[in-house]
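First the structure, then my questions, so here it is.
Labels run A, B, C and D following the written order; every chain starts at residue 1.
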């Protein structure tokens, strides 16, 4: 039933919330920073070892995703913040990934 | 009134503007209503210019092998016609409605970022003027509104550089205003207005802003690539260096198709808003209509290659995109049928807005059906790039969009200007326009199927296309007459004394009608509390136990403030006027000329914009009181 | 309201008129009429068009008829001032009219998809292979089969007119040529996107630089079929026309034999003088052979239209088929000032004297 | 109703501040912008250039790795600035902001140096598709970093002039979001452009 509510209800406005959730401590930030540095070092290391593309590319991909997530979730505190921010961002991210993957597939960019 | 008095000097150089009336106030205003009006006026002016270009096109095509204009001029005309109508008329006209109405419909005092709003408008206007300055600086864009590379990158005239730069500039305007309006709808609703009490027009506005946020960056990159190919000889679309022109097509239509829903969803919103008023029934299946709007927006991102069926993407792609395209008919059909159900059993009062709305639905369906015929890929091989396509999109954009805009104009005119447009003239205009419109674009279906390609400045007599072309030309001049009737109507109306006999002339349903006409600068003396969808209607009427409607006795309605806009609202601090948005905007076209002519000009433009932005950032949004 | 009632009564009349208009649609005298298909591809496309069209007409009648009916039935009457029943929605109905169009769409898509794949099939063995080259702004055709080589060991090449045998598949490779003419940016023939379209034989296929698209078509009856570039390709896109001439087998063979011969050397003195000008340069120093090929002479440039058999009767039209080849005045006008006659044409204006023009025209008309 | 309306940031329908919502929407939009640029690079990567250098000819991975570290480090200093701002420690906040800006400048400086070197080795925007896509992608990123630096310096300046609002952590957080975004874009670019070898790079 889609009868519209005619009974007055209370104000919809959510109670004022802090603009951001709890933030990690500076120490935790530094720890994340160290992890990021290590991951980057690993990435760079792949440049010096001779592995086949079949292993190299997924490895690099995983490392990059890890770094990406660390920055987004901690430094940009999406992990602690309101879910709705994450939803917007993921819309853009997933949208971009899907659309451009389709375009690249149409070009046969991964078949060669 | 905003109680702003002697201003603090901003950045110590320029005095803060304070005037809220007079010519200068229009340059510095941050009031969404004034900005909305400016958007509307500018967009309408561009409509006249784009229409004038169309009239020249039709004059040239009135017979075989005429030479009203030559090939070169013709190519500039249709390109500028398309670009103008899409980017400088329909999009900003939608922005005009959104700007004016969204804050009023959700019970807000302004948009989320009033100065950003002013910035958006100025950037759009200056971007449009920048584009038009090309006529005097070596030739207007001439590669078609979708500027296919490498024709657009190799054309020796300067036109397509103006195209890229001009659209980049207006794109900045749209992006800024999209973020602004999206945040406004999400965040600035009056107490009690849950998402499913948001008026349907505002809902469609929200969907449009999201489409813009996600599609504009794509065209931005494409335009930069086009510009760099032209200006700095990069190789993005240059086949001689391995570049692929098809990349441009994907990028353009990845934006371009969502764009067509950006053009039509505002119209759907207007239709859904007005139809119930004159049917005296609520919108049938409000939630379904909302969801179908979202679905259209979403699916709209997955159909772009239907503009490229003949490009040789192969049968897999053509199958996939053919099917996804046809699927759009489903959510669109939901809207149409829900509108019909709204009318069904209603008490249809054919006042002028209703005429336009019903006309819009009927004309849009014709265009929608030819759209579905395009999705039938093998027949589209015959139709693509012919006048059949031209017919399709004018039926949807003009038939659906522009008719709906006129509906919106006559409907909200009293709200915005405090004067009723003449019903008689509005109706006369409608009938002339309806006949002229069908006479113009109906024959184009036939022309296309009989082999008339689009973007053709001439056609030989032997093709046998003369008769229908003549009809189309006659029709287009009829449309011009209709537009003149509208202009006359406006002029006559503005001469009448201000004031409405009835503050609620249409027996309307949504929140913007709870305030005075025109609304005070602060919109509402008191921010309304919302109890229902169609809040205003529910303040006027209740349904009794047997589902019958009875009018609420005057004065008995909860929250209903009979003294509208009665000059209270003192201590309401509205954002103060500012000229920094204008300054920041002026830098952009200057940068545009810089790209074409000299690094120094480019740097100067950048400097102006940066200064504008600093002035803006350093100035408090509300001037302090002395 | 009265006028509305009159409108409804004139509906049947409107339908009859519409039917008449539709039957006039398939007029084969309109040279680019897609409703008068003359080959299997265009016919399949038209055969798919019509059922979809009638479905659309059905939807049209339901929706528009419904709206008009409601506009009359539920219009406000002066004597009524009560509210209609306030119906907010009905989920079952709404789901219904979500599903129904989906079903219609599904039905339409079945033949659509099958024809997509049908048309994507390459031509069978025995097809005639031709490469169609889009230039700014004219078409060239190169016959790439081994048995289509000329006596001077070049493929047969024509301009403006594609000559094909009746009843045989023609497999076209579509290529955007260009970049062959030197000179400034105004002069260059850029490789841009064109689209190959012969409405009575087949729908369009784009010609994309850097790719080779394919199109298979066939003519069932002898005749001339008009075509034209359908993708905007610059200044003279509108006048980038061409024709397909379908010949019965015997005539086709005669045509091929003639094409294989080198250009005739004229005997008429006027034409000889023209040939001399053509091969050795005109008074202003212009060199026709910088761009044009005439088989069997030293003129061999592929930059402009091949003129070897310029006056062959199948070469019905020239310069993007704006003019009939038999139109002597037009040909003279063309040579007098090509960039004016066809604004922006890539053929330069050499300020030929009237005398030279006469000679050149005589030469060109001798090239049968 | 006498409420002072301009304190709207904290009384929105959703309870989320307008500016932050707008920032995330903007960043979502930027995903599609950089996505398009990266896709163009991926589309044309490894295409045998007719002319000019290939990635393998010009890339200096150790050098660029240092740049990547620098930019990552700047993300860390950025959050430290935010952390300080939240503790109302204006001095440390300015210090970390300045450090972040410095690191950003080192990065941009490094990019300028890299571009110059590549240019001298014959890689220009118009020589081949690698040059075209590489310069445009990394150039766009560089411009983003530069804008970020300007915003960081402005924050420092405003803080010194006492023109930051009472809740100084908020603008720092906003600029930080932008800054981190630019950093994650580089994470992707570094991997896709520099580390994954192209066909010709072996």
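For the reader, a short list of remarks on this structure follows.
We adopt the following convention: a contact is a pair of C-beta atoms (placed from the backbone, for glycine too) under 8 Å apart; a residue touches a chain by one contact, two chains touch by 3 or more.
For clarity, every value in this text was computed on a predicted model and none was experimentally measured.
Taking the mean of all protein C-alpha atoms as the reference point, the chain centroid lying nearest to it belongs to B. Counting C-beta pairs in contact, the pair that comes out ahead of the other among A-D and A-B is A-D. Centre-to-centre spacing of chain A and chain D amounts to 16 Å, using the average Cα coordinate of each chain. A straight line joining the Cα centres of chain B and chain D is 33 Å long. The centroid of the Cα atoms in chain B and the matching centroid in chain C are 36 Å apart. Chain A has residues 2, 4, 12-13, 91-92, 95, 99, 103, 107 in contact with two or more other chains.
Residue positions 189, 193, 213-214, 218, 242-244, 246-247, 282, 285-287, 543 of chain B are each in touch with at least two other chains. For chain C, residues touching at least two other chains, in rising order: 88-89, 91. Taken together, the chain B residues at the contact with chain D in this complex read 109, 112-113, 175, 179-180, 182-183, 186-189, 193, 213-218, 220-222, 224-225, 228, 232-236, 241-244, 247, 251, 525-527, 569, 571-575, 610, 614, 617-618, 621-622.
Those residues of chain B lying in contact with chain C across their complex are 70-72, 74-75, 142-144, 148, 150-151, 154-156, 239-240, 242-246, 279-282, 284-288, 310-312, 314-315, 318-319, 322-323, 326-327, 329-331, 333-334, 336-338, 340-341, 343-350, 358, 361-362, 365-366, 369-370, 372-373, 375-382, 384-386, 446, 449-460, 462-465, 541, 543, 547-549. Across the interface of their complex, chain B is touched by residues 1-2, 4-6, 8, 12-14, 16, 18, 21-22, 25-26, 28-33, 36-37, 40, 43-44, 47-51, 125-126, 128-129, 131-133, 136, 140, 150, 154, 158, 163 of chain D. Of all the residues in chain A, the ones that touch chain D in their complex are 12-17, 19-20, 23, 25-26, 29-30, 32-33, 36-37, 40, 43-44, 46-47, 53, 56-57, 60-61, 63-64, 67-68, 71-72, 74-76, 82, 84-85, 88-89, 91-93, 95-97, 99-100, 103-104, 107, 109, 112.
For chain C in complex with chain B, the touching residues are 21, 25, 27, 29-35, 42, 44-46, 48-49, 52-53, 56, 59-60, 63-64, 66-67, 70-71, 74-76, 80, 82-91, 93-94, 97-98, 101-102, 105, 108-109, 112-113, 115-117, 119-120, 176, 179, 184-186, 188, 190-193, 195, 197, 199, 202-206, 208-211, 213-214, 226, 228-239, 322, 343-344.
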